[in-house]
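Input: structures, listed below.
Here come two complexes built around chain A, the first alongside chain B, the second alongside chain C.
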Partner chain A sequence: MFDLSSTVSKVVFGLLLALIGLFLFFPLYWLIISSVKSNAELYSIVPTPFPLAPTLTHFITALTTGKLPMYLVNSLIASGSSAALNTLLALYAGYSFAKYRFTGRQPVMLFMLSAQMFPFGLLLISIYPLMSEVGLLDTRPGLILSYIVFALPVSTYMLYSYFSQVPDELIEAARADGASDLRIFHTIVIPISIPPIVTVFLYSFMWSWNDLLYSMTLIVSDDKRTIGPGLLLTYLNEVNSDWGGAMAASLLASAPIVAAFLFLQRYFIQGVTAGAVK
Partner chain B sequence: MSLAADITTAPSSARVSPHAVRGGLKAGQRRIGVLLLLPAAIAFGLVILYPFLQALALSLFEYTLETPAPRFTGLANFAKIAATPDVWQAFATTAIYVFFTTTGTLILGLAWALILNQPFRGRGLLRSMSLLPWVLPSTVSAFIWGWIFNSRYGVLNALLLELGFIDMPQAWLSTSTGAMIAVIITKIWLSIPLFMAFFLAGLQNMDREQVDAARVDGANNWAILRDHVLPHLRPVLIVVVVLGVIGNLQQFDTIYALTGGGPVRATAVLSVEVYRRAFEQWDIGFASAIGVLWVATLLPPAFLYLRMLVKGA
Partner chain C sequence: MARLELKQIRKSFGPVDVLKGIDLTVEDGEFTAFVGPSGCGKSTLLRLICGLDEISSGEMIIDGQVVNDVPPAKRGIAMVFQSYALYPHMSVADNMGYALKLAGTSKEEIRSRVEAAAKVLRISDYLKRKPRQLSGGQRQRVAIGRAIVREPQIFLFDEPLSNLDAALRVEMRIEIARMKERLGTTMIYVTHDQIEAMTLADKIVVLNAGKVEQIGSPLDLYNAPVNRFVAGFIGSPRMNFLAVHGGRHEGGRVRVNGGTVSLNTLPHDTPSEIGVRPEHLQLCAPGSSNALDGRIAMTEHLGSDTYAYVSLEGAEEMIVVRLEGERSIRQGEQVGVFVNPDAVHVFSADGRTLVSAKPMARNAA
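On to the complex of A and B.
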């Protein structure tokens, strides 16, 4: 796009690259090296830019003595289930919006999308008593169900955008052969829609995995607590600030989502931006 | 006989009255369409619409620990908001937070997208890595920046001292301004990737020939940016600003994990204020009333967003 043959443009480009790059990546670098520094090195007034004597103590402590593994498993259960549920719901709803015409289709779709503007914090005010009334407060099903709030509208829209591009002729041809609508969807449309389906799954998984507010409020028992509030309660609170442990635990908590993301990022970015950039 | 009748009636009726056949087919189709939508619609109604309407309604009730059965009090909660400067302050804090996070992310996200749109070695890797801040759990982002801003052992103080910008370590998170700077920077940092992704997507469908032609006509980089790139990115820019404002207006996790809304109330944006009133003071009615005004602040960007979607579809 830009011509970088002149010295001035090279310098400006290089400077911007270095400055913004530093802002984006230095915190990640600092996270990683802080996790392998000993406490003596962490708590020195002049921080060392490289770990002098790298140690895995914080990781070992986090994995063996604390409740971190339990929180990770809890998060995996809650996020995995809610992402599966959310994807399933969005799959049929998105297909319905894309390929069927019925009264109220457009208003209903817009209304579901506008739900993105309902602040999660405000919804929680009534979700809490609701869950309490039906006995789902402080239970995994309650949390899993509540997590739908985060991703259902956007997921439905992402799949709707994708399904809209599936040619009608494909469906009509199968219909002419006598296949039922559900069969067409399951055996013809879904198999060619794996990338967006994976994207939606990952998108909703990410939202639940990264959640602090809902889990912190809806889950009271420690044995069901997820990673967000688990980290906060374990490492940084009024009586305790174990920064080395916090950094190591942060890396462990980020690993699953980062790994999934790196594998699938191409689809992911397309899916997330597709809805808005036309 | 019946078979022959079927064969002859179907096309002929289609010709005479297209609605007869298509209407019949459509009715069945419509039913299937509605059935497919139903599970999501029920879930939506249960965990999104019903709680939303209930929260709106609760704003008209007194509902606290002392009055566990909600009691209708009309607009009393709103009158209480008018008489509570702390709540006004939350609105002002939110405005500051949303303005600086959105503007900061916009500028840096756009610059970063323009940089990563230039061809250079290692660009692909850099693009992938640039998305990392966005996928990290919010608690983790708060930990990272909390550690950087730490008053005693933080690397930021060490760096600023070394460079001579400050004479003594700053207690960032325990001063109003310092805490605000910290929560804003954290949010900018974690939103740059998303903004960048939008801008990159927009840049990729740009007409290269137009740029090349302008270059032949003697346009320099600045002119290309001003006359071609920015006008081309205008629609993306609007989307990004609207989505950014909506997201920043709702941000809770990183602020709560980093400062808890403090020191005192310095970083208590609306999300934190509502949370505190509802789940620390159990004044549900009052929290809902604040929430209603919060939704009101979200309406203008939400309206813009929906209008764009309608146009796009």
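On to the complex of A and C.
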């Protein structure tokens, strides 16, 4: 670790942190204050660092006049179900890779992880005709499936590393107690693996919530559109300059993720660091 | 209550033969200990008995029934693991009742059996706690309690005390001895600690490199080891071994480093080594008859005993003499080590015992 005993090092360290913080948080800060400024203040030539007369007009407009609520619900459906399905699949896959020895275990796992090495834009080129072939283009299941394609390898690997550390003796004790393999997994292994499961769920939820490219390409009907493309098409076009609305809508769009993190950060941190320190 | 028979049990992991044909009978209600150096196959054998691993060949019979393909839970066996293997998310009571719950036992029955076992093990106050809130000794009790509530026919213990500190180990050893008296169930106990084996077991099985070296009562193994391995493995400090010069005896006397030693019984084969336990040796004046001459290299004072390490003349090896009580012995002092002819074990070149010592008192002259 760093030695922070001298005053000079403390100051340097603090300045560096402040600099990083500025880069990270200034856009966020600007987003927040812009969302509560009136249009007049937003378009004034000299930008104001604090909102002079805070107002919630943009939020009310965004929620009542546009299609934002619909996009949010669509996103919630797509992200929620892909995250749930992905976590479920990764649970069983990760456990079988971790605790069972079968032919082809290593190659299959490597193969799965190799999917991660392609840029996801590239894979879209093959996913698109595939979805079109099976009639899943412009459908929610199609979008959900394509999200799982990306989240599953990493999720499986995360759970695999965690399950590998579950002591064999624990599983054997349960076997000697008369539990079947599935029962052991459901009543012993899963209950002690809540932090990594939450982590994997959040990871895949975030992945699909933040997606723009796939949703933009695979979904064309407005009624199934998710929040990313929804925001883009509503607020970013040639005739639009509703900055306040864009900022308010963006804030609303990031709210679910922020809320999830606030609630689950304890698990998330445990999940990420599990096994690193033991 | 059950009688366990093993017939030519073999176990291989790929090309490695871990167990090379084990024959063993454990009588009903008998406490049997498996001892042996690390990697001798003792834990593997226990896992086979439990049913956690499959037997490569051979037959395992419990009460006349072949159980090779019977799953662990149906064998009437309960195992206490070295790491305790308590389910961390369950309370102590749930840990102990898990097997019964799986077997479909009624809730009231589970509760009464768990409470009864907890009372015996003095963990009644902790039933609602999680394993991580318990000390090592308490966790050990819960692990044993989990086995007891199942009322198994055979208890298996896999080095159950090795994770405890020395004081607690002694306490739990006594606890297990009491449990053995009370339950009278067949028990099999794996340990690398020979004191545990000697004090607890009715019968000890000494394993080495996947084979049984000797089966017998603790004192049989101590007094009459069938070979050099068992002689060296049982007893602490270990037996002193001395190479016989010329590999022969002359009129019942063998020459070893430091002098000559008489034998009471003549070996029927060529003697290659003799062995004498440290507690059967005695210090005497240098140059005495039937004694080996040497110099005190170092001493260890244990209070109840004094270990004197003597380097023999013309040899690099040291022999240990275990003396009763506190002795003041100067380092470097010239001494004789009296060897009672009755205390001498004689081994052949391939390690077989040719002559066993007679059971005798300590430091008998």
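The working rule: the second predicted complex is superposed on the first by the 254 of 278 C-alpha atoms of A that agree within 3 Å, B and C clash if a C-alpha of one lies under 4 Å from a C-alpha of the other, contacts with A are read in each partner's own complex, and residues count from 1 in each chain.
Just so we're on the same page, a residue touches a chain if its C-beta (ideal position, glycine included) is under 8 Å from a C-beta of that chain, and two chains touch if they have at least 3 such contacts.
Computed from a prediction, not measured in an experiment: that's the story for all the values here.
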- Determine, for the superposed model, which of the two partners chain B and chain C contacts more residues of chain A. B
- Message: Quick one: is A:Ala84 in contact with chain B, with chain C, with both, or with neither? Answer first, second, both or neither.
- Response: neither
- Task: State whether A:Glu172 touches chain B only (first), chain C only (second), both chains, or neither.
- Result: second
- Task: With the two complexes superposed on chain A, say which partner A:Ala115 touches: chain B (first), chain C (second), both, or neither.
- Result: first
- Touching partner for A:Leu17 - first (chain B), second (chain C), both, neither: first
- Message: I'd like to know which partner A:Ile127 touches here: chain B for first, chain C for second, both or neither.
- Response: first
- Find the residues of chain A that appear in the contact set with chain B and again in the contact set with chain C. none
- Message: Using the touch definition from the top, list the residues of chain C that touch chain A in their complex.
- Response: 50-52, 71-74, 77-79, 81-83, 85-89, 98-99, 102-103, 146, 150
- Query: Tell me, which parts of chain B touch chain A in their complex?
  - Reply: 26, 29-30, 32-34, 36-37, 39-41, 43-44, 46-52, 54-55, 58, 108, 111-112, 114-115, 117-118, 126, 128-133, 135-140, 143-148, 150, 152-153, 155, 158, 189, 192, 194, 197-198, 201-203, 206, 211, 215, 220-221, 224-225, 229, 235-236, 239, 243, 246, 249-250, 252-253, 256-257, 270-271, 274-275, 278-279, 284, 287-288, 291, 294-295, 298-299, 301-302, 305-306, 308-310, 312
- Message: Quick check on the complex: what are the chain A residues that touch chain B?
- Response: 1-4, 9, 13, 16-17, 20-21, 23-25, 27-28, 30-31, 34, 42-47, 85, 88-90, 92-93, 95-97, 99-103, 105, 108, 110, 112-130, 145-146, 148-149, 152-153, 156-157, 181-182, 185, 206, 209-213, 217, 227-229, 231-232, 235-236, 243, 246-247, 250, 253-254, 257-258, 261-262, 265, 269-270, 272-273, 275-278
- Note on the structure: Listed in rising order, chain A residues that touch chain C in their complex are 167, 169-170, 172-179, 183, 188, 191-192
